[in-house]
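So that we are looking at the same thing, I have put the structure below in structure tokens.
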Amino acid sequence: MKNNQYPSWRKTKSALAAMIAFVCALLVIAPLALVFFHLLREGAGAVSWSFFTELPKPVGVAGGGMANAIFGSFQLLGLAALAGVPAGVLGGVYLAEYGTVRSNWLLRFVADVLNGVPSIIWGVVVYGLVVLRFKSFSAYAGGLALGFIMIPLIMRTTEEVLLLVPTGYREASLALGISRWKTIVYVVMKTALKGIVTGILLALARVAGETAPLLFTAFGNRFWNHDLAEPIAALPLQIFSYAISPYDDWHRQAWAGALVLVVMIFLVNILVRVLTRERLARVL
Amino acid sequence: MENAVTIEPPMITPASAPQQQVASDSEPDAAPERAPAFEVERLSIFYGEKKAIDGVALTVPSKMITAIIGPSGCGKSTLLRSLNRMHELVPNTRVEGKVLFGGEDIYAPDVDPVVIRRRIGMVFQKSNPFPTMSIADNVLVGLKLNGVRDRAFLRERLEQSLRMAALWDEVKNDLHKPGVSLSGGQQQRLCIARAIAVEPEVLLMDEPASALDPIATAKIEELIHELSANYTVVIVTHNMQQAGRCSDYTAFLYLGQLIEFGSTTKIFSNPTERRTEDYITGRFG
Amino acid sequence: MTPPKHILGTFDEALASLRSNVLMMAGLAERSLDRAIKGLLKRDDNLCATAIADDEEIDQLEKQIDKDGVDVLLRFQPVASDLRRVIAAMKLSPNIERVADQATNIARRARKLNKHPPLPEIEIMVPIQTHAMAMFKDGIDAFAREDVDLGRAVVARDKDLDYMNKMANRKLTERMAQDPKQLRGYLNLIFISRCLERVGDHATNIAEDAVYAAAAEDIRHQTVAAVT
């Protein structure tokens, strides 16, 4: 019967739309794929065990690694977490649980503005506040700069996941005669814990690759850092200084560093996905 | 038209004349000497400018089941929640009047709502056991988070609460399993166990069975009946047959006002107010 | 004041159907009773036969009303005034059915009497019949119009009917002693009087149920003074 079949022009239109959508999706994925392949091709050769364990060699000498930079990055991230996580999470708790409509609007606006501030500005701010005052570049300064970047990020994601927790749980807890703050900590935050953790991980992944704020706070170090009040090496910093150098060997190591950095961030994102799936199943 | 509740000695008359009978108004077995659980005095509740409850005056009898019925939007949930100050979770509320619980106004300025809510528990329409906790932890959360540490006491209270909620036999071997792994009816009974574990004096129930199938509903209704031996129960329901089955007293609310309050039998067989009659016979609402 | 309609239209229809069945049954019973007495007074056997034949339809209506009543209770779980109306309808129907049975009894006795020469004492039945019929009509009316005062009045009139029956008995017994040849006839008349007295009793039941339906008041087994 004529009515049961698609008219042929509608079929063509559908196919065309599907194809356009597919091409657009490819366009989105293409840059990531290109970056990955390029990094692999240039850097895979230089990634070796010594890359992870040896300090940079002096200028002109071949070989060496980025052990101090990799470790330094982790140290900086630890400090950043110390600075950024409490403020961010508690800020998110305020927004979700305590804030009034007016104060929340203001806070969210400020957080969104801060999220858009170029990261080098944070470096400058911390330079003025900490580096100049203590008259030295330090890991603390670098960690603080990264922490500042993390605060508005964590605040927003924490707020979001807390708002996802159904009101029924808060009501049930309060109806039992449990005080407000205990309700928030032991019921609401506990329920949203995975979400809060993924928010923190995402923020860490974001700042792991920041170079500009570290330029004049952590400053970089060709040796191991023994005192957090001293300058410290970081992977992005090392990549930067090797990349602008005239030495081929250093160029190759820069590629390797970039590859390692991207793989680290990639792994964190996968971890986040895994955790997120479980969290959704639990809360719903 | 009132039936005379008089008891006269039977007249000594010839067998052909009929004797005067006692006309009784079927009141449930209320002990009039027991102090009421709540005395609501001219209570008005405002959400911003809107008046949700308008001058309600009510006496909730102790250790009885009182049902609050009325069409949607009449304020029954608001009234229920005002009995343990849960309506204050909505911002911008204002209260006029008093709610006397055990003789004292729960809205007095020096009264801590947290303490009130330990004495007046609440069960909600949608069962909400905490998802991150096991069955045992769910039941005991009210006690644990309020500082009770004695493990023997906790264990005993756990069993007692689950037994009273008619859930012990079904879960006694699975106490470590997550609270959300139970069926809908069981979850609701778990929430009831959780509420009674803190040993309140009153249980407020906001349409506790409306999300459940008929068998689970029947179990909840039976449970409510058993609970009324130890607790005052106030239940909001939009199901009038449920109000008729479950409660001893019924209050009919309409547009925030209390239209009629009386024994359930009277309300459902011969209400005084026209509007009550029209609502329960399904002529409006 | 008529109450507003139920939101559920089928509920109103079911209640209306139940009510109209009761009224139809009452109408038929009243007609049978009338025919039976007229058959007696006018010595018309055809009227008697019709009265007896109609009983079957009335019996069927009784069953129908009970069935419909249970159906309404089941499906609609009525409360308050609706419940009382359904219960009253179901309690009225056996009373109406028995009134029709009494009509049948009267018709049968009338046929027997018609075989013999007329007795002047038949006239004694007239006021009794009038009173009983009026009570029955008013009882049904009280139900139909939900008239509590009328219902109470009917209950009060039963005493008068009992008295009239007692007087008729006495008179007829005297006649039996005076004129033993007509014994059978007088016995039949006594019996008919008793049937009419029973009609009054059923009318009283109907009136009591009507008062219950209208006002939720149970006026059964009370002294006359308490009722009026």
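All chains are identified by letter, namely A, B and C, in their written order; residue positions are counted from 1 within each chain.
By our rule, a residue touches a chain if its C-beta (ideal position, glycine included) is under 8 Å from a C-beta of that chain, and two chains touch if they have at least 3 such contacts.
Computed from a predicted structure; not experimentally measured.
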Taking contacts as defined above, which has more of them, B-C or A-B?
A-B
Identifier of the chain whose CA centre is least distant from the whole-structure CA centre
B
Return the chain whose centre of C-alpha atoms lies at maximal distance from the corresponding centre of chain C.
A
Give, as an integer number of Å, the spacing between the C-alpha centres of chain C and chain A.
93
Could you tell me the distance, in whole angstrom, between the mean C-alpha positions of chain B and chain C?
48
For chain A and chain B, let me know how many angstrom lie between their CA-based centres, rounded off.
51
So in the complex, the part of chain B that touches chain C is made up of which residues?
1, 3, 17-21, 23, 240-241, 244, 268-271, 277-278, 280-285
So, in the complex, the side of chain A touching chain B is made of residues 100, 166, 168-180, 182, 186-187, 190-191, 193, 282-283
Hey, which residues of chain C end up touching chain B in the complex?
3-8, 11, 77-84, 215-218, 221-223, 226
For the chain B and chain A complex, residues of the former touching the latter
84, 86, 89, 91, 114-119, 121-122, 124, 126, 128, 130-132, 141-142, 145-146, 191, 194-195, 198
